[in-house]
Amino acid sequence: MNLSDGDMATIWLTLRLATTVTILLLILATPIAWWLARTNSWLKGLVSALVALPLVLPPTVLGFYLLLAMGPNGAIGQFTQALGLGTLPFTFWGLVVASMVYSMPFVVQPIQNAIEAIGNRPLEAAATLGAGPLDRFFTVVLPLAKPGFMTATILGFAHTVGEFGIVLMIGGSIAGETRVVSVQIYDHVEGLQYAQAHALSGVMIVFSFVVLLMLYTFQRKRKAVGMTYGR
Amino acid sequence: KPVHVAVAANFGNTMQRLVTEFEKTSDYQIALSFGSSGKFYAQIKQGAPYELFFSADQAKPDALQHDGLVIAASRFTYAIGRLAVWSARPDFVNKIESTLKQGTFNKLAIAHPKLAPYGVATLEVLRYLELIDATQSKLVRGENIAQTYQFVSSGNADLGFIALSQLLGKNKVPQGSYWLVPDAMHHAIKQDVVLLRSAAKSQGAKAFLDFMHTHKARNIITEFGYLAPNRLTMGQDI
Amino acid sequence: MVDKIECAKGIQAQFQLNYRQSAKTHFELDIDIDIPGQGITAIFGGSGSGKTSLLRCIAGLEQNATGSLMVNDELWQDTSVFVATHKRSLGYVFQEASLFEHLTAMGNLRYAIKRSAQTTNPELLTQVVSVMGIESILSQFPQQLSGGEKQRVAIARALLSQPKLLLMDEPLASLDTPRKLEILPYLERLRSSFNIPILYVSHAVDEIVRLADHLVIMEQGKVLAQGGITELFSRADLPLGVSNEVGAIVECKVVERDTQWHLMRVAFDGGELWLPNVANKDSNSQRIRVLASDVSLTLTSHTDSSILNVLSGQIAEIINDQDPAMSLVRLKVGKSYLLARLTQKSLQNLALTLGKSVWIQIKSAAIVR
Amino acid sequence: MVDKIECAKGIQAQFQLNYRQSAKTHFELDIDIDIPGQGITAIFGGSGSGKTSLLRCIAGLEQNATGSLMVNDELWQDTSVFVATHKRSLGYVFQEASLFEHLTAMGNLRYAIKRSAQTTNPELLTQVVSVMGIESILSQFPQQLSGGEKQRVAIARALLSQPKLLLMDEPLASLDTPRKLEILPYLERLRSSFNIPILYVSHAVDEIVRLADHLVIMEQGKVLAQGGITELFSRADLPLGVSNEVGAIVECKVVERDTQWHLMRVAFDGGELWLPNVANKDSNSQRIRVLASDVSLTLTSHTDSSILNVLSGQIAEIINDQDPAMSLVRLKVGKSYLLARLTQKSLQNLALTLGKSVWIQIKSAAIVR
Amino acid sequence: MNLSDGDMATIWLTLRLATTVTILLLILATPIAWWLARTNSWLKGLVSALVALPLVLPPTVLGFYLLLAMGPNGAIGQFTQALGLGTLPFTFWGLVVASMVYSMPFVVQPIQNAIEAIGNRPLEAAATLGAGPLDRFFTVVLPLAKPGFMTATILGFAHTVGEFGIVLMIGGSIAGETRVVSVQIYDHVEGLQYAQAHALSGVMIVFSFVVLLMLYTFQRKRKAVGMTYGR
């Protein structure tokens, strides 16, 4: 496989980005999903709609608006500047924020559904056994909602890896900082360097396939213990 | 620390060659970003850390100049694009005008006129040939000339107006058949470069701009299918 | 009732709760109970009378319930206070087992042990597991357990959290009698050796009689009656199951254990009774229930009968039974009362009237403990 | 047993099923039963003995079970045939109510009605709903129902599918006695008026006795005994609950209904008994259970006792009871047998020996129907 | 709002595309999700991984490979030509197929999770009441897995609306046939016609927001009946 150093750098950056985004998304999306799953507030529909909204805009366009918002004159930009962080576009953390906005619904929704499916009873049982809210979350909600968290992780991670419209717009394809694999493949394809594009795509596909296969197979094994005959 | 250069996608391969040559003789490193000119415009307005911007047209440098984000004096036309009609099938382009007129092809791929100057030029050619109406129903538009090329190369479109540079790149042997569109059929596809105001003091950027004026650079540009302007004047017609 | 200020010990619960069921119907729980802070209080009542709802209120699982709750001097709820469920030291055996599906049976037990306020003596685990008969299924997941197995694991789990109050919603409903007979004595021992109060929902009169000291009878969300079990069980007006479950509860002292015949002689203030010996060394007091349907009356004393227990008493009251063929006869025996359920025909045959002295026959085999 | 070829009617089931529980343990069901094609067959056995698994096999819910199943001439399963569950005309009341959570109680009933092979008489719906006492909760969703309410809706649902075979897994376990007493007669009527066989898992001996004609006793996945209920219930070696549930079942004919005393006189080949009248016009036969613990013996006949029923018989057998204080005495009364549970001491006191003639006293109030 | 006729045409086309894709995806993904939820086959991990795989490629690159595959020399192209359907690129149905490939995981995963969460019992109960497989599916699985189907529909639809890399690549931006809103907004942005871009984005956002809000609010209402106190 003739991967250049540049290709390798983008792979590492992509993994770093996707991992960061996925972890942060899980941390951020879980309380949102939890709240959405449990609340009876009228705000629920509103928040759900807001979370899903970024999806309907083309990523480049979303990226464009994020670029405006995070730029020196945008609301977010003003805020980050006031914090002394400078502006986010064209930095790794800018990519992180933008990817999070874009992949949020893929992480919130499956977790929310999984939490809803658990119902109240296991939580009630845990409470009567003396488990506080956090304890309940980690020992009851998390394991019982595992399929939802798995799905959220896979969709969130893969979507971040594959996304590039937004990344290109916010990141500006700066080698080592914001040029991720998707942008690199795109560049190869656009530059008609098909051999390189194929090689890099191939690596991505094979690598992702192996990871996904391992994930799914592991998940299947775990469940086989619990539900042999599905009583 | 390298010089950040934003390059219109169509010039990507050429630019890589140029950079390789430049870095042979210079201590400066060049970091390239490829993309569409429109995107670069938006990014530069938001403070993108580029030092040089090689646009695919003159419109974006104009707009940036109007916004006061570039050093006006630095601007010049670095290349003039050339159009070709290409088919992945051998001999298909032999009698191109009649082929176009008779519509004996499935699709005609062009670059999106709104997005790519090659698209604008293509329309001018079709208008010149009075083929606008005849081809209207068969046009498919690529986001840029790279996509236009892919429409043709994958066999999905029999014909396409692409950049000559795409056929002549060092590492490719042109397949099929092509017709080089006479330059007289359309306005020149002038591609301008500008030095961004934020990089006014960048020695590396200046060195690279200087390199662009060298014979070596101009030879490469020509070799890749562009016209290199005779007199490299700032923003003026040749 | 004792003065509340002097003796705040005990459980004082007072709750209102409204379930909207549809536009037209709703269910209202409105109860006020004051039950002892130790021993077992049975909660008895028809399906849908609000037993589970009451337990849920006490556990703090019904956020919409208003009212107040004191458990042995601890305030768990009133207008301004609401102690969260996990801070109430209680164990809850739900009506449906409600095990954690992602944990094995042992995992479920360990979950409780880890969160128990007291440190758990490993012996307790062994003991509880063996009483519940779940040694061999500890490694199974809930989906792999039978209905009764799940229920036993759930009981074990609640016990292992070593709470200060135990709420049990029909814990033995799906267990077979032999199994029940292993668990019941254990619960009895819990009652006597630990001082924790147990609220015990059950439809089975024999379980209640055997275990409970106190009884709360519910109907349509309200408390119909509450009080000591002896008292309530000889009240014929209460819907304690069916009339042939009616009986009297007598607290006795063991005065002799006859090893030859494996019998024991117990005494109460109305006389003495023979019953099969039970080896409960720790206590000399014995609670027995004499079902009204097991008591027969004669006018003279017979000696050639297989019935060992014959007492003398007077007819104190004659009550009409739900069944028109039958009457309930309340008998004064010493200072205690027994109940007999007789056909109206026998009543007439023997010319039984108020105040008449009769011989009371009770088979040893029929005495329910 | 009758010759199988002559009389294929009935249910012949023969199943093997293995549950792997962990690397070390597994549960094996291995049964072969042949039960009548009508009436109620009770399935009795300890928790985890395989009752639910057996019903699941019969319903076709255990794909891994091998074996064969014939239900009244229809082949449902053998080595080459496997009729899918939805094509077996059966109703199943699961151990946990298992209502559809997305449908109201009425929605659940309608689900069954729509898919019933027979067209449903609207009267049947009204009737079933009223017997189950669920009129007022029909518009509620399962989450809004109490445990017992869910169970009743589940029973109604199974009945409304009007199946050719009814499987009921502890259907009355979480119901109070008054409720049970409304449902039981209905099930009795089902047994007699429709010809559908019912397999009925229960731990409650009184339910079994009252309802069942046939009994299958299970232990650790195997059939311990099967046969007619009268026969099995007077076998003292079987673990039918506890010894004080042991009794004899007697099939009687009603010979007189005494409207004055609301009694009825029933006859069996050993004599006659008086019991409270029950209005079951449709049938003159009456099955009664006489608990061994309710039978007392005397050497002479007494007339001054409240006990109305006195029969004469001989001692046919004396069996040791599980309780060392007690004995079981088998009494021959006419061609029938009754059981009496007496203390060893009484046995000695009255010098009761094999063949001795005795008077047998049975209280009307104690006779269990 | 100054929407041109061209803008309006793209909006209609987008709705048509997204609706078609979503409906077809639901029809196609449901049996896959069902199979994945219920099978114990070793193929399960493999199929799951394959379904999720398209996600990791940038849409344009995926579009590029689809363009090759659906072109006259590609495997799919050969097949469609053999069927007498011609080739798919630059047609509405080409967009449909490409969008389906890309949005598949967002539809399969939530449905699969929801079906798994139902468990066996409701299906067993339905079977004992005489409901055959299809009957069970429509009367038990569908209503009980509704949150999963909702999520699948929303994610699938919104993702198709927002998608544009792949659409651009396969579609060729033919007005009325393959030029959808996302492409149109993109064109506006790239062409520096920011006013038009803002207007069209605004319409998209407001419209989508209203639809999502209605969907979520409706879903919430329905559930409020069933689970008032969450016993």
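Chains here go by letter, A, B, C, D and E, matching the order in which they are written, and residues are numbered from 1 within each.
Just so it is clear, contacts are C-beta pairs under 8 Å (C-beta built on N, C-alpha and C of every residue); 3 or more make two chains touch, one makes a residue touch a chain.
Bear in mind the structure is a predicted one, so any value in this text is a computation, not a measurement.
Asker: Supply the minimal count of touching-chain steps required to go from chain C to chain D.
Answerer: Minimum number of steps from chain C to chain D: 1.
Asker: Measuring between Cα centroids, what's the chain most distant from chain C?
Answerer: Farthest chain from chain C, going by C-alpha centroids: B.
Asker: Hey, which chain ends up farthest from chain A, C-alpha centres compared?
Answerer: Using the mean of the C-alpha atoms as each chain's centre, the farthest one from chain A is D.
Asker: For chain B and chain D, let me know how many angstrom lie between their CA-based centres, rounded off.
Answerer: Here chain B and chain D have centroids separated by 90 Å.
Asker: Rounded to the nearest whole Å, what is the centre-to-centre distance of chain C and chain E, using the mean of the C-alpha atoms as each centre?
Answerer: It comes to 59 Å between the two C-alpha centres.
Asker: Let me have the rounded angstrom distance from the C-alpha centre of chain A over to the C-alpha centre of chain C, please.
Answerer: The computed centroid separation for chain A versus chain C comes out at 55 Å.
Asker: Enumerate the residues of chain D that touch no fewer than two other chains.
Answerer: In chain D, residues 19, 96, 144 touch at least two other chains, as defined above.
Asker: What are the residue numbers in chain A that touch two or more other chains?
Answerer: 60, 64, 121, 189, 228-231 - these are the residues of chain A that touch more than one other chain.
Asker: Indicate the residues of chain B shared as contacts by at least two other chains.
Answerer: As it turns out, chain B has residues touching two or more other chains at 39, 42, 147, 150.
Asker: Would you mind writing out the residues of chain C in touch with chain D in their complex?
Answerer: 19, 21-22, 25, 45-48, 51-53, 95-96, 133, 136-137, 139-140, 144-149, 151-152, 169-170, 173-179, 181, 203, 205, 239, 241-242, 244-245, 258, 261-263, 274, 276-277, 292-294, 296-300, 302, 304-308, 323-326, 340-347, 349-350, 352, 361, 363-366
Asker: For chain E, which residues are in contact with chain D within the complex?
Answerer: 121-122, 124-133, 135-136, 139-140, 143-144, 146, 225-231
Asker: Which of the residues in chain A come into contact with chain E in the complex?
Answerer: 40, 44-46, 48-50, 52-62, 64-65, 105-106, 109-110, 113-114, 116-117, 119-121, 147-148, 151, 154-155, 158-159, 161-165, 182-183, 185-186, 189, 197, 201, 204-205, 208-209, 212-213, 215-217, 220, 224, 230-231
Asker: Where on chain D is chain E touching in the complex?
Answerer: Residues 59-61, 84-87, 89-92, 94, 96, 98-102, 111-112, 115-117, 141, 143-144, 157-158, 161, 167.
Asker: Please name which positions on chain B make contact with chain E in the complex.
Answerer: Of all residues in chain B, those touching chain E are 36, 38-39, 41-42, 59-60, 63, 107, 109, 112, 114-115, 139-143, 147, 150-151, 154-157.
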